[in-house]
Amino acid sequence: MWKWINSFAKPEKAYWLCDVLQNWFAVVATASLVIGIVWGLGFAPSDYQQGDSFRIIYIHVPSAILAMGAYVAMAIAALVGVVWQWRTAFMFMIAIAPVGAVMTFISLFTGSFWGKPMWGTWWIWDARLTSQLILLFLYLGVISLYTAFEDKQQAGKAAGVMAMVGVINIPIIHFSVEWWNTLHQGATITKIGKPSIALEMYWPLLICIVGFATFIGWVTIVRMKNEIIMRDLHRPWVAKRFGGLVDLEAAVANEKDMKGGQ
Amino acid sequence: MSVLLAQQLVCEKSDRQLFSDINIELSSGQLLYVTGENGAGKTSLLRILVGLSAPATGKVHINGFDIHKDMPSASQGLLYFGHKQGISQLLSALENLQFWCQQHDVKATEEAINGVLAELGLTGLEDIAVKNLSAGQQRRVALAKLWLQQDASLWVLDEPFTALDVHLIAELEAKITLFLKSGGTVVMTSHQKLSIDYPISNLHLDYSW
Amino acid sequence: MSVLLAQQLVCEKSDRQLFSDINIELSSGQLLYVTGENGAGKTSLLRILVGLSAPATGKVHINGFDIHKDMPSASQGLLYFGHKQGISQLLSALENLQFWCQQHDVKATEEAINGVLAELGLTGLEDIAVKNLSAGQQRRVALAKLWLQQDASLWVLDEPFTALDVHLIAELEAKITLFLKSGGTVVMTSHQKLSIDYPISNLHLDYSW
Amino acid sequence: MVALKSVFLKDLALAYRQRAELMQPLMFFVLVITLFPLAIGPSPETLQRIGGGVIWVAAILSLLLGMERMFRDDFADGSLEQYMLSPTPLYMIVVVKVFTHWLMHIVPLFLISPLLALFLHLTFDMYVALMLTLLLGTPLISFVGAIGVALTVGLHRGGVLLALLLIPIFIPLLIFATSAIESASMLLPYHPQLAIIAALLLFSVALSPMAIAYSLKVSQN
Amino acid sequence: MVALKSVFLKDLALAYRQRAELMQPLMFFVLVITLFPLAIGPSPETLQRIGGGVIWVAAILSLLLGMERMFRDDFADGSLEQYMLSPTPLYMIVVVKVFTHWLMHIVPLFLISPLLALFLHLTFDMYVALMLTLLLGTPLISFVGAIGVALTVGLHRGGVLLALLLIPIFIPLLIFATSAIESASMLLPYHPQLAIIAALLLFSVALSPMAIAYSLKVSQN
Amino acid sequence: MTFQFENMTDFFNMGGYAFFVWASFIGTFICMFGILFQSLYVSKKIKQGVEKETVRAQRIMAARAARKIKQQAKIKEVSNEPKT
């Protein structure tokens, strides 16, 4: 088992896995996003307090939760990369970072567009909102650090350290509603035990969460494949697969012959 | 036992493979002369050998210790001299060398250091901040370490002759020969011809893309 | 008329006089070879000659213009090649040279530049950012200017051979000879022996304190 | 002209190659602004009152930090030496470089500013005043700042020193700009302040290129 | 031990040779703080309310600017390579270096702070709280910040990037520190906040040396 | 499981919150499609790049071989000279 997992440290194997998973993720993501959003927008009952504005929940909550989830996934990948020296772990890390950043951004602006009708303001400096904004900056920091390095091997390690240091922000975001009293809603869905929300509203939300999660997976896989090829550009397996012509060895051998002949 | 043992070294920079399958085994009293064109990867190889950068695959043992796992023990008898000189620009030559001696457990009095500096033609410049010396003079301060460290068993020198004038090149070559004869091991690169009266094993790195 | 005329140059750094009373007069087709130990002041002299730093006293005229007063006219036919290479690390070799040509009113098509780069052994590396090339390869990109600039009358080269391998040194020496024979003037420094088949006038700077 | 255009294009190309880096002063700007509500407390009235000042301070700081890079690379790789030895006078090249730098660093700042005005609860009038003062004030910062950059370029560790040299010089600018925004918040006219800033700008554009070119020559020595 | 002591002495000597530079972050600190009364208006109540926050923000920014230099010179001249090849483990050397840096950069800040408290009309209780939070918080900044410095030391143009990486991480610290000062201004107890900061400090002192050493090795690659 | 709105106009009106609801949904879709298409586009670009790199590698090796021949020819010339 362990050996089998370890074999995905090889880019070639990881690429194969990505190829296998990609279409599954694409199908599940499209289907559940369509179902969840149509259900949420048209068929879920409207909230007695918030009216129809509450329908924003079907994108706000999935994106908010998964923005944090993606960060944790990224940090775990970084840990794996640093400890076991998996090259592919760093590739996963940098593949998911922009996706997570986009999710964070979505949660920020949907929250903002929800806050205007509900709280009467676009933005307020409360703990949850601020810490979510910081999450965006943590993502951007990891990405900037990665791009700043020339050597991507080095870049992966450096950005990995940064990603792990930033993890402290995750519990702060989650518990911010309890530590500081704020305008923002407390935990309803992520509460342990029974969710305190009507089931007709709950189901489409769950489906949306699944949709967002698989969507993140899908895009991450595509990006990871890009990353793998980009990093292994000069390895034979890439050339064999995409290059078409590989006379590189021939050229080298040719040159060596000439030197030998002299 | 071999002083330096490198197995199956592969080096990758960005997405390019500089070299692969380098195997080196050096025992006491051997001189390895690494040659190759600009960009062939000489500096990269040397930095891997002393543990400053990690190879893509492969292992390096110095005096029996794995340099990438157990750096403090492996680097005990190692002296590396790279493109960067490892001396602080703001300190004087003397202070720099005193500090270096304390770091590396080398016992050397101030007179000893001054003596070495004099030997290298830096009399009178001992207490001037290094940044005010010329390129070649700075290089000499850094080279003084070779004169000070008595109990090293392996020298790794990356283009030690750059920026030196002819006299000093000759002196340095003599120093290297002496060290080899006393049982030391040397790995070095240079673009100049080496005129040392000692058997040289050559490692040529081919430029590959 | 003399191409380069320097009178009574004195150079002081901090509180030290590097050299004094340097007088140089070079006419077309002459080669001045400046030698001296590390720190003797070769670089300092060359930078004064091209107007990049000001002498304590003295004047420099190039093609009849005072370089410190009227830099744009005086530097018309001048090509300076210093310790720094004057190429942007982020641009490719081709872009760097194109930019340099535009700056210096040199008419050179892309093919011409590519041709010169190929001559210097940089085929295939034309569109890679310079920072990804090795020290010697970068040096070659900078040297390509010597091949491109056709109507310069004075070359000032500060250690042009550093970091180059043997082949290219030979080629560069040939290039310099060719330029001299076509009526150019050259001022250069180097720590290596110059093997040029052309009369050399030597200026030795003594190390002084 | 060809030479100047090529300087412009080269700097654009360089900025494009480092576009990730181009975003950094911008993110720094946003971060410094978020620090304040956190440190001072979230009450909208307080934020509104200090908003204009905070945005200006953050703009000055982030421009200063980004500015360091204006001549640094050219100095380090010797391009600057080549500029001096080229037939085009140095001060003209300098104008082009400063202008390009301003263009690359200020446009993102303008794009993000509506968002920040929102964060700090600025009114629309204050927002307009802020934009106008930034539009006139930032080129002034670039031109005067460039003198400082040119002076410290040889020192390798310009960052803080640069900020120190320049912040006192920018204090008058800051005072006029914030007073314009304050007038706007009270719906009073603020032409006089704008006129003063504009005058300062013209003055600096006229004089600073020579000063910058001279400073660059000095740091070569 | 001899080796560690010599690192300490060397860094002291280097700092002393550059003592003019040592003053820079301090002057930056003072300048940023003086910018505020200018940008916001001189009313004592406003200043008192925002005073603690402003001092903390200024402290973070000025420490960040000075921090860049922590490993820069050693990296540039190759001393860092020599540290790695020396018999003393790197993380121990790193602790000494961070500590020395903190000592050299924070003491002047403490010396100047009574003056600034006066500028900003802080009460005595607020002043005590400010000092206590600074005493506990600034080593935290140094240790965590050193990770960022180590990561960016090979990039040559760390300045802004460094700030960008570190400011988000310091924000929780800032929140706790300012909330302590606010409690002090209302004569409420503020042990809980101090306890949290102290806990963070211990945590970071325990873990960051390894992270710093690892990052430095990565930068060498 | 019933449609909650009387008619489509009602649906698009979202109980008076039309702007906020539709703006956030549309914005979300733009972001999601943006990142998806950017990734797919890059993947296409990279595969083209792989071919370019192989071509480059061949060019470099060919040019180096050519140079070597030229240099050896030169050396031969030199070594031949004294004999003749």
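Think of it as A, B, C, D, E and F in the order they're written, each chain with its own count starting at 1.
Note that a contact is a pair of C-beta atoms (placed from the backbone, for glycine too) under 8 Å apart; a residue touches a chain by one contact, two chains touch by 3 or more.
Please read these numbers as outputs of a predicted model, since none were measured by experiment.
Engineer: Higher C-beta contact count, C-F or C-D?
Structural biologist: C-D
Engineer: What's the call on subunit D versus subunit E, same or different interface residues, using the half cut on shared numbers?
Structural biologist: Both copies touch with mostly the same residues.
Engineer: Would you mind checking which chain's C-alpha centre is most distant from the centre of subunit E?
Structural biologist: Of all the other chains, the one whose centre lies farthest from subunit E is C.
Engineer: Where the CA atoms of subunit B average out and where those of subunit F average out, how many Å apart are those spots?
Structural biologist: It comes to 43 Å between the two C-alpha centres.
Engineer: CA centre of subunit D versus CA centre of subunit E: separation in Å?
Structural biologist: 26
Engineer: Between subunit B and subunit E, what distance separates the C-alpha centroids? Give it in angstrom.
Structural biologist: Inter-chain centre distance comes to 37 Å.
Engineer: With chain centres defined as C-alpha means, what is the inter-centre distance between subunit A and subunit F in Å?
Structural biologist: 20
Engineer: Give me the residue numbers in subunit F that touch at least two other chains, ranges are fine.
Structural biologist: In subunit F, residues 56-57, 60-62, 64 touch at least two other chains, as defined above.
Engineer: Mark out which residues of subunit B touch at least two other chains, giving numbers and ranges.
Structural biologist: In subunit B, 14, 209 touch at least two other chains.
Engineer: Would you please write down the residue numbers of subunit E that are in contact with two or more other chains?
Structural biologist: 161, 164, 167-168, 171, 175, 221 - these are the residues of subunit E that touch more than one other chain.
Engineer: Okay, in this complex, where on subunit B does subunit C touch?
Structural biologist: Against subunit C, the touching part of subunit B is residues 14, 37-40, 124, 132-137, 139-140, 162-166, 191-192, 209.
Engineer: Where on subunit A does subunit F make contact in their complex?
Structural biologist: Within the complex, subunit A contacts subunit F at residues 37, 41-46, 51-53, 55-56, 59-60, 63, 98-99, 102, 105-106, 109-110, 113-114, 116-117, 215, 218-219, 222-223, 225-226, 229-230, 233-234, 238-239, 242-248, 251-252, 254-255, 258-259, 262.
Engineer: List the residues on subunit D that touch subunit E in their complex, please.
Structural biologist: Its residues touching subunit E are 21, 24-25, 27-28, 31-32, 34-36, 38-41, 46, 49-50, 52-54, 56-57, 61-62, 65-66, 68-69, 72, 157, 159-161, 163-164, 167-168, 171, 174-175, 178, 182.
Engineer: Using the touch definition from the top, list the residues of subunit B that touch subunit E in their complex.
Structural biologist: Answer in residue numbers: 50-54, 71-72, 75-76, 78, 80, 82-91, 95, 99-100, 102-105, 129.
Engineer: Taking the touch rule as given, give the residues of subunit C at its contact with subunit F in the complex, in rising order.
Structural biologist: Contacts found on subunit C: 118, 121, 123-125, 167.
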